[in-house]
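The structure that follows is given in the form of structure tokens.
The chains carry the letters A, B and C, assigned in the order they are written, with residues numbered from 1 in each.
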Amino acid sequence: MAVFLSALGFGVVTAAILAISAVGFTLQFSVTNVFNLSFGSVMTISGFVAYWLNSAGLGIWPAMAVAAIAGGALSLAINELLYEPFIRHGVNLFGMVIVTISVGLICDHALQAIVGPSFFSYEAPAGKAFHFADFVLTGQELAIIGIAVALTVLVQAALQYTRLGKAMRGLSVNPSLARACGVPTRRVIALAWFVSGVLAGIGGVALFLDISTFTATTGSEFLIVIIAAAVLGGIGSPRGAVLGALVVGIVTEVGAAYWNPELKDVLAFSVLIVVLLVRPQGLFSQLATERAVAR
Amino acid sequence: MSASDSTAALVLDSVSAGYGGHEVVRGVSLSLHPGRIECVVGPNGAGKSTLLRAITGDAQFLGGRIWLGGSDISRMAGNRLVRRGLAWVPQLDDVFTTLTVRENLELGGFLLPRRRVAARVDELLDLFPLLRSLTSRIAGRLSGGERKLLAIARALMPSPTALLLDEPTAGLSPEMTGLVLEGQLPRLSESGVAVLLVEQRAIEAIEISARVHVMVSGEIRVSRPAAEVRDWDELARLFLGEG
Amino acid sequence: MSAATQYYIATILVYIAVNAIASWGLDLQFGVTGVLNFAFILFQAAGAYTTAMLSLGPASGNGGFQRYLVGVHLPFPLPILGAMLVGAALSAVVGLITLRRLRSDYQAMVMLVVSVVATVVAESVLGLANGSAGLSLIPNPAEGLAGLARQAQTWVFVGICAVCMLVVGLLMYALVYSPYGRVLRGTRENEPAIEAMGRNATRARMQVFVLGGALGALSGALLAEFIGAWAPSDWLYPETFVFFTAVIVGGRGSVSGVAVGSALVCVGVQQAVQYLPIGGDPTVLASLEWIITGLLTMLFLWVRPQGLLPERRRRFPAAERVLAPGDVGGAVEVDA
């Protein structure tokens, strides 16, 4: 029971990081229909922005806030300067997947050429340990969980209750009708990219804090787990992404505790594959059919 | 008919439109007046839907002018037309299927001042009483008729001066067709909106219209007061272009 | 010619052949039929490992320094044939999971996930193929030839690769330009039309998936025999992307185009960066290769989506665009 509870503790932290990132990934996908495989690079670059600020003496939490803005700006810039022109040029959904992979590889390797292949870590105290029965969480881990809960609730509430949130949901199912309602679709799409980048930035810093050492490709490697969580929950559904993050996070850490820690991701991916075999659209998704790229 | 027709809500002046340079609609002129329903009827492939798409900016505009309340809106982008007081209901994909009925209406009022939205939703629920009990239903789960009423209500949210309806009864049961055409549309026009109705069901459309335009091969062959065309023989002759 | 120069040229030739075979395999799936196989590198790896396990002796040999399964020391060409069988079988399994019920964007993502999982398993399960250290001392079939000098043996292996490339190339021509090839392209461009003609699009995808997997495995088998070693770091999931670039640059669905694209992208880019005046830092060089590959892909998707040597065929415009505006997609073929 003690092993289980401590694994559960780790699982919740992993799930928190996954939830922040997966919500960002899936929100942008639901609005634009672009499967953005450069999302991991935005996480990494934001994580490095925080690293440079942190090395210059800034505390990790203010550094995370700046990294969030940097991530949002980078994500928006990539869309406006690359993806949007490619979509207007007539490149379709699959072409766009390849464009996003290209952008991700270019970002990762440009960063790697600058920082080199070494491992980095933040200067940040883990904080006081808090005991909850048998599971122990550091102050830092509690903060990450708190941020994840706050952000996911915030995003969900904004989508559910605000005018812009409803416009975003409407746009994701029926772009031309959204235009017919007077929704400035281009600006709403830009907003989705920005919010997605902010979540990538926060998720990136939280990930790097949690795993303590990172390289120029850490974000892209973690992206696969994010995709697993997002697809598991049903891509395009932020609620599903949170659920998928919880399943993946907890299954991996509990699996690591009882089985081979190196194979923990395999367990998560197996869950994904089994779920997709039973329910091809994911646990939560309402969109079972394909759509074209939103313009 | 021209822009000088100052009482008209929407004026089309020899509009041509199509796709990829291919002309589907040729030199169509008509004007729409507040509080009146006018219908465009004609055989399949006559270019009726393309005519509506030319107005909403979804088809390629190949010539002519469109005036809305006195200002030129030819070639204007869709989301700006809404601000000028034009609303339309597409034939398919006419609601946000994953949103509730209330959310659909709220999104229809995207351009209204925030504090006006709830009151306007209530007004439309008064106008469409059938929707009142369904406000928290997901739009994708409505029946065909309920869905079409929601689509029309959504389009009316910003209180447009002109409303374009693209075959609102396509795929509906005769009962629902009656509800939409005879039950609902005449009441709309009482509120002062100018309605342009494109319909396959010519007889029913003519019943509720003030004026009929018969479109054949991309051109308006005949325009006349609906009262003058109320029998099948007359209509059949018009469809064949002998009017 | 010095021994070093000869070996350099031989290496380039082997790489050209191996990469052409692999790129053709992916082209059948992605280029001709439209299946986004983001796990392609996995099938090359399966071929490499299978060849190693079939041609190496028992794991206890060489002082038992590496652990692996099988080890039956089969003679040429059995390990290569075995590799192709395993590649095909593995493709069938992955295809059954992904191709039947999933949306096509999910298919791509699930394959990406499968590729990563496979690397993790190969790294973590030591007894399978010696974990992250990988397998070494994989026998080269030409080395067994008695009475031949080392250099001559290398050229014999180049010959084996050339024959394989030739056979696969001819097979590709026969397949792609046959009536069956038209069904495959129809699956890519207008699935409903293909289904309406009584052809099963899912079955067509399964077939090219299995065939492409076998070709991927063949390329891996030859590569492992030539290098003599194979490890998880050789087949990380982004490597698949290099083959996608080769297909896009060369011309989707074009047999000769893909061969040219693969020589340029898989071999040319790597050679070119060696001669750039930026010093010899291996990390920077590797990064630069990736950056150039990414830029090339985007450049071609923008400027010349049909590739250097476009797919040839008669067509008339139809339903839907497949990749990009200048792309040959969106055409329904008529018999030439």
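As a convention for this text, contacts are C-beta pairs under 8 Å (C-beta built on N, C-alpha and C of every residue); 3 or more make two chains touch, one makes a residue touch a chain.
Model, not experiment: these values are computed from the prediction.
Student: What's the contact topology between the chains, one of line, ring, star, complete, other?
Tutor: Graph shape here is a line: each chain touches the next, no loop.
Student: Going by the touch criterion at the top, tell me which pair is linked by more C-beta contacts: A-C or A-B.
Tutor: When A-B is set beside A-C, the one with more contacts is A-C.
Student: Work out per-chain C-alpha centres and flag the one nearest the whole-protein C-alpha centre.
Tutor: Going by the distance between chain centres and the overall C-alpha centre, it is A.
Student: Would you mind pulling out the distance in Å between where the CA atoms of chain B average out and where those of chain C do?
Tutor: Each chain's C-alpha centroid was found; their separation is 55 Å.
Student: State, to the nearest whole Å, the distance from the C-alpha centre of chain A to the C-alpha centre of chain C.
Tutor: 31
Student: Once you find the CA centre of chain A and the CA centre of chain B, what distance in Å lies between them?
Tutor: 43
Student: Report the residues of chain A in contact with chain C in the complex, numbered from low to high.
Tutor: For chain A paired with chain C, touching residues are 35, 82, 86, 89-95, 97-99, 101-103, 105-106, 108-110, 112-113, 116-117, 224, 227-228, 231, 235, 260, 262-263, 265-266, 269-270, 272-273, 276-277, 280-281, 288-290.
Student: Touching chain A in the complex: which residues of chain B?
Tutor: 56, 58, 77-79, 82-83, 87-88, 90, 93-99, 103-104, 106-108, 110-111, 114, 140, 154-155, 157-158
Student: Could you list, by residue number, the parts of chain C that touch chain A in their complex?
Tutor: That would be residues 34, 36, 97, 101-106, 108-110, 112-114, 116-117, 120-121, 123-125, 237-238, 241, 244, 248, 283-284, 286-288, 290-291, 293-295, 297-298, 301-302, 305, 321-325 of chain C.
Student: What does chain A use to touch chain B in their complex?
Tutor: 163, 166-167, 169-170, 172-174, 176-185, 286-287
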